[in-house]
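Two complexes follow with chain A in common, the first pairing it with chain B and the second with chain C.
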Partner chain A sequence: MFSFIDILKRFEEGPYMEEKDFDIKIVYKNIKRLIKEYDIKYNPEEIITVDNSLADDVFKAGFELALETGIYCLDTKRVLKFTEEEIKEGLKTAPAQIIIGEGRDSRVLYARKIEDSRAPIIMGGQAGAPIPEEFYYQMAISYMQEPIIDAINHGGLAKVKGLEVKTRSPAEAIATMMELRYLREAARASGRPGIHLLAAESSVTCIGDLAAQSEEFLRKSDAHLIPILNEVKTDYDRLTKAITFKIYGGINVALVDPIIGGYFGGPEGVAIGFIASYLMSRIIYQADYYIIHPIHFKYVSTSVPEGMWILNIVGQAMARNTNFILMGDVWTSNGAGSYEIFWEIIANTITNVVTGSHPLGVSATNGKYPHASGLETRFMGEVAHASTKLKRSDANEIVKTFLRKYHPKRTEKPNIGKVFPELYDVETIKPKEWWLKLYEKAKKEAIDHGIKLE
Partner chain B sequence: MYIDIIEKSEIGPYMEEHDFDKLLIKEVKELIKAYDINYDHEEIIPSDDTLANDLWRAGYELILRVGGYNMSTRRRLVFTEEEIKHVLRNLPDKIIIGQGQFQKIMIHRNIEGYEEPIFENGPSGTLVSEDIYFETMIAMAQEDYIDAIGSGSLTTIRGREIKVGSPLEVEAAIFIALTTRKALKMVNKDGLHINDVAVTTPWAKIAAVSNDWGIRKSDSMLVAQMVELKVTNEHIALAKYMLNHGIIVANLMTPIWGGYGGASPGTAIISVAEHILGVLAYGALKHYLSLTHMLNCNNTGRETLWVISTVGQAIARNSKMIALHDCYCAAGPGTKMLLYEVSAGAITACVSGLHGTGIGSAGGKYPDHATGIEGRLYGEVIKSCVAKLKRKDANDIVKLILKKYEAKLNEVKGVIPGKSFRELYDLRTIKPSREWVNIYNEVRKELANLGLPLRI
Partner chain C sequence: MSISESNLCKELHDAIVSGDVERAESKAKEMLNKGFDPYNIVKNCMTPAMKLVGDMFSKMEIFLPEVMMAADAFQACMKHIEPKILSRKAELIVGKVVIGTIQGDIHDLGKNIVALMLRANGFEVYDLGRDVPVGEFIKKAQEVNADIIAISALLSTALPYVKEVIKLLKDLGLRDKFFVMVGGGAVTKEWAQEIGVEGYGENADEAVKVALELMKKKKMKK
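Coming up: the complex of A and B.
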């Protein structure tokens, strides 16, 4: 395995290249070639495919892409290229299971297989959303008090005591420490002091992550996100995050969130790009687990057909060919408080769980507004557990049925629902009666469609 | 859904304790009939899945009909079906115990499951003298086949008798935790899971929590239910404290065979109900079935092994709970009979979906009558049987082993003290005497000849 010193040296010594050339001459060109060579085709009728050879071809194409392109460093303008042996070494050393959290709240996070009957780990929270400080604590409790939720990935603070958190300002340090303080207090108040946190979301740069590396804030049993920049790029900031947190003893999580319609092209190219990004993030970030988050250029949400097809094929490709632990995002266009959100959750969650990833969400309104709560994540958890009884072909039919209910009508014009204090009584932190009734109704509808909710 | 057990303890129906006991006896009798739960002395380890399912339903219904009883507020704890289902559904099916290289994943086991059971070794329920506490714990910790360690109670602290409820219990809790941790360090096993500090008063256990020298988040402590299906505010408070510190709550059940449940069927129904109550009242993730025969103070007789097996199977088939057989034997150390009892218990637990813990030698009645050897055998047997025995084979072997001690058990109607740790170990080297090791080796050979998959 590479040391971080080796990686930094290679980023200084690799071939020099302008970013634009890397994007067009290397990434775009190779992706186009590989899609054709491996005959990768997106099929909206098979959101969840049963074709194992397609999954294997996507993996092979992704492996080749990693070999051909390498990864670009924005600061040095140089490309780090890997040999086949080096990538294989990363595959060999990837942990198939890790222990997250502490004490009675610890869990075994493991690499899921296709149609895996084991209970998935449920990671709850409105990941990626800016959450107002005034109800951050109560909102966090709304997730942590749900016993079905095993781990937390909640949003960050965009403002602290009225101060806007600007990128690369010291406010990032303050905001991240505050975020962790609220999360820790919420965990304690919920009787789950050791629950695993995937956190430090208030900071874009490494400032917040550095400030939070302590037992008081982000513990060694916790994790933080390190993005692969779009597409197949990194910078010194992300590398600092990875290096310091690994030396501290914590858990690194690679966030891969390419844009459908970007330099990777359509769903086929994005799927290939995902594989390459994972293989390389294992080496440069020493990542322990990985997020699948395809971003649709128009709808953003992961619950649209292209997004779910990517979740499906990347999940299956990785499950069949590696031991990597994947968390599949559940990002919905509709907000909590709407009925439509439940349809999106059903389709998106089933896709993730049946094809080899654990579900992470629900990031309602695509993380734009704090229109989210613990209740719809409870629903996500229940659907996830029921999904372990589904085969891919049956799951595909259910997913398409629900997809038709919300797409494109409610992804074009989503029902953004309501803000957290309108969904929950913020004193008792209990869901309001009307919101609970919508949830019960959605459960009934899911059961009527053959989803075996307990 | 959050179950407020404190609120339930305050607003539940008021009832005198003996009225609760009467209600329990009546309902158990009805449920035995309704679910047709029958004991068959030839099927100590039944292979009948419907029996396991019926027993689960009966225990579940007992919780719905009777609930639990809070002795502090004299109120019955009433639960709705929705609450019970919700809590059981959301239990994790695996937990992580211990630290570093001694960290283990403890899972919900299945009947005849292929997953290796955890074995927790210690002088269960036995008083240990202050002057040899450290040596006793080393004797337990140094054994192979163990995944965790449990402590015994302490007779005195600096020579003073430890009375229940006395502040000396705080000192005892600290002494036990400190000494157990020291013993683990001594045998290079710091990081091994500690399952309890054995003091009676719940709040005294809180004093033992320390990441440096005592109970860590990777450890657990027992929170007891009183006989039968009873809790107190003090026990609830201890459980709350542990939940808030991220320490695994272990539900200790001591149902009495021959008590309110009567014989095996009723005792089994109560035992299942006590597992469920442990989750509802304490938020427990580990469950210790410390069944006690009213005369022999053990759970290795024919009737009690049937309870262990059927309850284990009921839990394994119908829930995600992580359950352990807490092995109590009538015979004491230095006897062949203790080792026969231990083996029968371990085989039964292994194929019935349970993990193991113990050993309560001589029913835990005689101070210092606990050694590492009986745990060595339990650990070896429970792990050796995995994937090698089906319930039917296990039943045949257990019946053969029972032949070796059942008559004696019926004859003594009590416990057989055996010898003390001082008599069976060299206290300087902490090695078992040649005599005790020879007995152990003889029994191992006998067990192998009976078809037990031990490596001789």
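Coming up: the complex of A and C.
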């Protein structure tokens, strides 16, 4: 494996290039060629495909893309290119399973296979959304008290004691530490002190991460996110996060979130771009597990047809050709408190679990509002467990049935639902009766469609 | 035969749509040499091409790199045409927008899409890039006499900097001089209303719609 020193040196020595040339002449040109060469086609009728050769072709094309493009550093304006052997070394050394969390609350997070009958790890929280401090703690408990939820990825704090949190300001460090204090205390209050945290979302630059690398805040059994910048790019800040946390002994998670319609092009190009990004993030970040998060340029949510097709094909490509551990995001347009959110959860979760990923969510309202709670994530967990009994072809039909219920009508004009204190009694931290009833209704509807919820 | 019916106009139009910089440039030069009115070349051949590109992108028939290449082809033609239409250039422009991703945020892909869609819809766009310091928006807007300042933010921790732009505009007595519109992952409609900006777009299509409405409003005021 590369040492971090080697990586930094190579980012200073690689070919110099203007960013726009990298985007168009290198990345997009190669993507277009590879889509044609491998004849990769998005098929909205097969959100979940049974075509193994398509998955393998996407993987081969992604591997080739990584070789052709390398990864661009915004600070040095240079490209780090890899040899085939180096990428293969990254593949070989990737852990197929890791222990996350501590003690009784630890879990084995493993690389899922296609149609894997093993129970998936359920990661819950309103990731991506700024959460008001006044109910951060209670909201965190709403997830942690759900036995079906194995690990937590919750939103950040936009304000601390009335002070707005600004990127790169001291407040970022304070917010990161406060967020982790709330999460730790919520974990203790829920009787799960060792639960794995993928955090802290208040840490948008390395300032927060550096402030939190201690047992009091982010433990070595916890993880943090390091994004690959759009597309196949990084910078010194991301590298600082990766390097310092790894040296500390923590778990690095590569967040890959390309935009459908952006520099990778449409769904086919994005799928190829995902593979290349994973292969390279394994090397430059020494990532231990990986997030799949395709963003639709208009709808944002991962539950739209193009997004789920990508989740499906990337999951299958990686499951068939690597032992990388994947978490597939469940980002819904609709919010908790709406009924529509359950339809999105069903389609998105089944897609993830059947095709080789663990589910991560529910990030309701596309991570914009704190309109979320533990209850819909309980539902995601239940659907995820039931999905382990599904074959791809059956899963595809169920996914399409539910997709038609919410798309495009409710992705164009989503029902954003209600804020957490309207969903839960914040004193008892129990869901309100009406919200519980909607959940029960959704469970019945899922069962009626052949999803074997327990 | 009107200019829009001529073969050359069609060829120029198609070269822009396909993002062929060299061909577009050569067709524009050819049209100028043949005596076509430069103003009409832009109005009837080039602007419709960019509008089509924008519409195709909205429908996902083409993607961001193709829109960028079309915009490059458009600009390559403008190099030759602009000096000849300086006095009438304003008539071809829907409005001037200064755009950027705010300080504290390096996520610029969404902003790039909005910038290109605004260009495709006839706006003159000054793109300041990513992580743009608060004061730079105002400096540039004054320099180019912009109509709109458009600010993008994906991170919630970048939102306070957006508020600082508004505050600085007020402190400098310039708040009424520019419309301000905001968008991006962290921005909600409610927050946009709270900070008192004139425009908010959930996505690039909406951003264009809002910008066009703001320009209409400005014209009505006049």
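Going forward, the second predicted complex is superposed on the first by the 454 of 454 C-alpha atoms of A that agree within 3 Å, B and C clash if a C-alpha of one lies under 4 Å from a C-alpha of the other, contacts with A are read in each partner's own complex, and residues count from 1 in each chain.
Here, a contact is a pair of C-beta atoms (placed from the backbone, for glycine too) under 8 Å apart; a residue touches a chain by one contact, two chains touch by 3 or more.
Fair warning: this is a prediction, and the values are worked out from it, not measured in the lab.
J.: Will chain C clash with chain B on chain A after the two structures are superposed, or do they fit?
T.: Because the two structures are overlaid on the shared chain, the partners are seen to fit without clashing.
J.: A:P147 in the overlay: touching chain B, chain C, both, or neither? Say first, second, both or neither.
T.: It touches chain B, and chain C stays clear.
J.: First (chain B), second (chain C), both or neither: which does A:R104 touch?
T.: First partner only, chain B.
J.: Look at the residues of chain A and decide whether chain B or chain C touches more of them.
T.: Answer, by number of touched residues of chain A: C.
J.: In the overlaid three-chain picture, which partner chain does A:K166 touch, first (chain B) or second (chain C), both, or neither?
T.: The answer is second: A:K166 touches chain C but not chain B.
J.: In the superposed arrangement, does A:G262 touch chain B (first), chain C (second), both or neither?
T.: A:G262 sits against chain C, while chain B stays out of touch.
J.: So, A:Q138: does it touch chain B (first), chain C (second), both, or neither?
T.: It touches nothing on chain B or chain C.
J.: May I ask for the angle at the C-alpha centre of chain A between those of chain B and chain C, rounded to a multiple of 10 degrees?
T.: 170
J.: Looking at chain B versus chain C in the superposed three-chain picture, what is their shortest Cα distance in Å?
T.: It comes out at 33 Å between the closest C-alpha atoms.
J.: Once the two structures are fitted together, what part of chain A is touched by chain B and by chain C alike?
T.: none
J.: Going by the contact rule at the top, pick out the chain C residues touching chain A in the complex.
T.: It is residues 57-58, 60, 63-65, 68-69, 103-107, 109-110, 113, 155-161, 185-186, 188, 203-205 of chain C that touch chain A.
J.: Would you mind writing out the residues of chain A in touch with chain B in their complex?
T.: 99, 102-108, 119, 145, 147-148, 150, 188, 191-194, 454
J.: For the complex, which residues does chain B have touching chain A?
T.: 2, 85-87, 89-96, 103, 105, 216-218, 220, 240, 242-249, 283, 285
J.: Would you pull the chain A residues touching chain C in the complex into a rising list?
T.: 20, 23-24, 28, 74, 128, 130, 156, 158, 164-168, 172, 175, 202, 204, 229-231, 235, 259-266, 269, 297-298, 300, 366-369
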